[in-house]
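Take a look at the structures listed below.
One chain, subunit A, links the two complexes that follow: it is found with subunit B in the first and with subunit C in the second.
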Partner chain A sequence: MAYKPQFYPGATSVAENRRKHMSGKVEKLRDISDDDLTLVLGHRAPGSDYPSTHPPLAEMGEPDDSIRQLVEATPGAKAGDRVRYVQFVDSMYNGPSVPYFRSYNAAINFRGVDPGTLSGRQVVEARERDMEQLAKFQLETEMTCPALSSLRGATVHGHSLRLPEDGVMFDMLDRARKEGNNIVMHKDQVGRPIDKKVNLGKPMSDEEAAKRTTIYRVDNVAFRDDKEVIEWVHRVFDQRTIYGFKPMNV
Partner chain B sequence: MSDSSRDTDYLQLEIYPGRLLNPDTAEVLLNEIAELDGVIRFFVHGPRIPKTVPYGPATGETVNHPSRRVIMVAGQEMDLEVSVGGIRLEVTDADVKENIREICDKLLPFSYEFREGLFIPTTQTVTDYAKRGPDADPLLLGMTDPKGKLRNKPVCILNKKDSE
Partner chain C sequence: MANDRKKMFAKHMEIKFTKEHGTNKMEGGKITDMVGKYYRLGVDQNPRKLEMKKAGQEIAKKRGLVGYNPMMHCGGIPLGQRALTPSFISGTDMMVEIDDLHYVNNSAMQQMWDDIRRTVVVGMDLAHETLEKRLGIEVTPETINHYLETLNHALPGGAVVQEHMVETHPALVDDCYVKVFTGDDELADEIDKQFLIDINKTFPEDQAETIKAAIGKTSWQAAHIPTVVSRVTDGAQTSRWMAMQVGMSFISAYSMCAGEAAVADLSYAAKHAGVLSMGEMLPARRARGPNEPGGISFGHFADIIQTSRVTPEDPANVALEVVGAGCMLYDQIWLGSYMSGGVGFTQYATAAYTNNILDDNLYYNVDYINDKYNGAAKTGKDNKVKATLDVVKDIATESTIYGLENYEKYPTTLEDHFGGSQRATSLSAAAGCATAIATGNGNAGLSAWYLSMYLHKEAHGRLGFFGYDLQDQCGATNVFSYQSDEGLAIELRGPNYPNYAMNVGHQGGYSGITSAAHAGRGDAFAVNPLIKVCFADSLLPFDFTAPRKEFGRGALREFEPAGERSLIIPAK
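Moving on to the complex of A and B:
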């Protein structure tokens, strides 16, 4: 029988959502055009060519190498794109994703990405077109709520703060605002004004965010409620401690 | 050093809303509180909102945050430099405390924490001494913005003429 990855233990909705994020089998909720994505990322002008940092690999005459035969270069690497980043911030008030699961999603489902996992933000560096592919995937699917998640290249403050009255995660640079029923970005991810407003779609309701979140919270699904997760976390901690201290006892 | 400490029986309170208040809600709430008899002093705190982007590739760009605006409290202009996340007060007695709780119940559309404790320093620190000198008004103790510059008037004094 072929191996089928299980990804994450647990029987609660949070555990199920974590499995979805890791496997990449997430629901698409909105459409964001390529030009809009380029605008909010702020690395190049929409519609312009990808600037390159070296000639296409096909023209470089690389030496023959067994690893090059085994691993095909990503489209960005083949074209010689620059390495660029996308950085997400998720509110701890039932934000749909968390830095660890954005990183798992990137590392498991995308090639040539370098995810960086921090306490309140998550950054992915990759060749520009590869990074855009990942950013589009994470922005368009249930991994992102426009109100509870945000693209923030600089000044990420907000993930652990109480939500403002309108429910849009605090941002001291005011990159996104609620206009009517939609969240609209009028600055790029580092806070520079952009030429046109980018509609990120409708925010999730409180109930939907609680249903789709990957965060255990005592006021939603408590970590201690997930017996199987607790059991495996204990097992991992126990065994890695024993292996590090007295491996002969295992 | 002269003594600029305050040794009183006044109560100190904190209102800690479940959400960061927008300026309109904060304005109404602060005005109702300011009109009460028995409120000695209060200040607001919360995450800072800069006028310009402080760092990163957009350094120096104007922010224009909707939460950063001038509100009118007790007939005076108050330039909000923070998103209002909490209000700390000093009041004369427990009756005033209950009045403030009623105002919060009436005006805040979400849950809030309301607690009594020690939130405003009662003794001046070396920094206070360095900033305001030996004969500082004890009422201003703990009322300045620790990150504010003196030239930017880091404290807004309401009804000063009345108290004199």
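Moving on to the complex of A and C:
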């Protein structure tokens, strides 16, 4: 029987959403154009060529070896793209994703990515066009709510703060605002004003965010109620502890 | 166990988040509200920031060179886009500005570290043996008192043997002195009281008996060199300065020949054979000598803090004071400044000793343990629960989930601990200290620390910054391994232990766990009775029985530090 990844334990909607993020089988909710994505990322002008740090691999005359035969270079690496980043901030008030599950999504489903996981932000570095592919995927799907998630390269403060009355996660640099029924970005990732406003789409309702979220909260899906996850954490803890004490007992 | 008990942080959160401070407009609402208002008032909303802004302007004008200017933040968007709120020192009602908890702005914090760095414990017995057995000089309580009078003149920088010598001004070094202590009550009775740290008077009776038995008939000097000397040089200077003055004082007090060979024995005893530094020398890659913070083991630190002899019936309070002091020294000064060079570590560290959030978590755990484990969190040796993985899992899981749910039910606590590293420290310190108190086993507490990290990471899908992935994900594996470079009793671990050398928000917690295990048992000391007695001395400028209160006094500008230079600089 072929191996079927289980991804994550748990019997709750949060656990199920975590499995979806890890597997990459998430629902697409909105379209972000390539030019709009380029604008908000802020790494280059829309429509411009990708700056490169080396010639295309095909022109470099690199020696043949077994690793090159086994691993095909990503499109960005083939083209010689520079390494650039996308960084997300997710609110703890039922933001649909959380840093670890953005990282798992990236590491499991995308090649050539270097995720970094913190508490208030999650960064992925990759060759520029590879990074854009990941950024577009996470922005357009249920992994992101434009009000409860945000692109922030620096000055990321906000993930744990109470939500303002309009429901848009606090941002010191005020990069995104609610205009009508949509969330609009008028600054790029690091807070530089951009030439045109980028519409990121409608925010999730409170009910939808609670349904799609991957964070356990006592006012939604309480962590203590997901017995299987806690049991699994205890098992990981047991095994790591005992292995260091008496490996033969594991 | 009902977890709807009155929250210890509630009053502080209400003042912090529902009352206006300065002109921050933080008026009204409840601490359970999930929606907040952001007025984007900038630095002018906060009294201390206003003072700093004005000072920056005056300095720029005076020196003709720009300096502090809050508008340099984020290209013209100053701090204070959210409300700038004060904090309370945990365990007190002292409300302080958070800027005043940076050690640069807090003289009490500076003095705590000064008082540790400038201290060594020096044995007297080797020197006395040299005098008696080699030179045939009689040593009596009277000669010891005379020697101590001489040394209290010489240690600050007074001349005792030579003519036409430069001396230090006593008003600049008035914090420098030496006292003695011994486990021998008869000898103690003979020592002039001004020189004696009286174990019988400074410790509860049972602790005093334990300490005296451990020290026995040996006698020791608690030497504190001048703060100003220690600041100009470094921690490694302490034993050298002390040993030089000790040698000169022996020569003078016992009328020795300054050049006779026995003096070398006295010097060797004072500089090497009989000296105990607060911190070990660090490896060359850290480039620090003895008595620098990176070499202070968690056991030594637990003994430096003196709360255990003041509130022995309250082991949680003992642990909390050690956590607070440890976060200040290890995070704000050692990792924050020595190792990193940054300014922001204060923001991480203060989470463990402000606003009663950690306190609430730990005292909840104490109640939980006492209910479930038949009073195991009360001070004592016969009431402890056996340290097993099942006990660790039970206490750490209950503690961590309780703390996590507080952040979820009280958004103001989440906003106060706005970074995952802050929350991780608080949650894991609560779990670790509680388990250590219940079991009397520091490594069981350490085990609980790591489980708490795992649970926190899974519950919120986030933990601390990158470093937590290493230290806290692999830490469980070396808790009970005692192989070299892999594991060690927590009392003997320290800031330079493998994997501990890079991560803010941990070492204060580890110190707290160490002290919790021993406070839970009612032990007189954690690892070294000499250090415990050395700091049991009210003459020290910093009160080591209540470090958090002292930090508050520093923040409120009420603390009187030592080593000031007013005497030798122009009056303003």
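Everything below uses one rule, namely that the second predicted complex is superposed on the first by the 250 of 250 C-alpha atoms of A that agree within 3 Å, B and C clash if a C-alpha of one lies under 4 Å from a C-alpha of the other, contacts with A are read in each partner's own complex, and residues count from 1 in each chain.
We take it that contacts are C-beta pairs under 8 Å (C-beta built on N, C-alpha and C of every residue); 3 or more make two chains touch, one makes a residue touch a chain.
Predicted model only: the values in this text are computed from it and were never measured.
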Determine, for the superposed arrangement built on subunit A, whether subunit B and subunit C clash or fit. clash
What is the contact status of A:R177 with respect to subunit B (first) and subunit C (second): first, second, both, or neither? first
A:R162 contacts which: subunit B (first), subunit C (second), both, neither? both
In the superposed arrangement, does A:A107 touch subunit B (first), subunit C (second), both or neither? neither
Subunit A: partner with more touched residues, subunit B or subunit C: C
Touching A:F245 in the superposition: subunit B (first), subunit C (second), both, neither? second
For A:P193, select first, second, both or neither according to whether it touches subunit B, subunit C, the two together, or no partner. first
First, second, both or neither for A:G153, with subunit B first and subunit C second: first
Only one listed stretch of subunit B (1-9, 37-45 or 91-99) runs into subunit C, and it is 37-45
Interface residues of subunit A shared by subunit B and subunit C, listed 155, 157, 161-165, 170, 172-174, 191
Complex interface listing, subunit B residues touching subunit A: 17-22, 25, 47-50, 53-58, 61, 63-67, 83, 85, 109-110
Touching residues of subunit A toward subunit B in the complex: what are they? 42, 153-155, 157-158, 161-166, 170, 172-174, 177, 187, 190-193
Using the touch rule from the top, collect the residues of subunit C that touch subunit A in their complex. 33-38, 74-75, 77, 81-82, 389, 393, 397, 401, 404-405, 407-409, 411-412, 414-415, 417-421, 423-424, 447, 450-451, 454-455, 457-466, 469, 474, 476-481, 486-487
Touching residues of subunit A toward subunit C in the complex: what are they? 18, 92-93, 97-101, 116-120, 155, 157, 159-165, 170, 172-174, 191, 214-219, 222-224, 229-230, 233-234, 236-238, 240-245
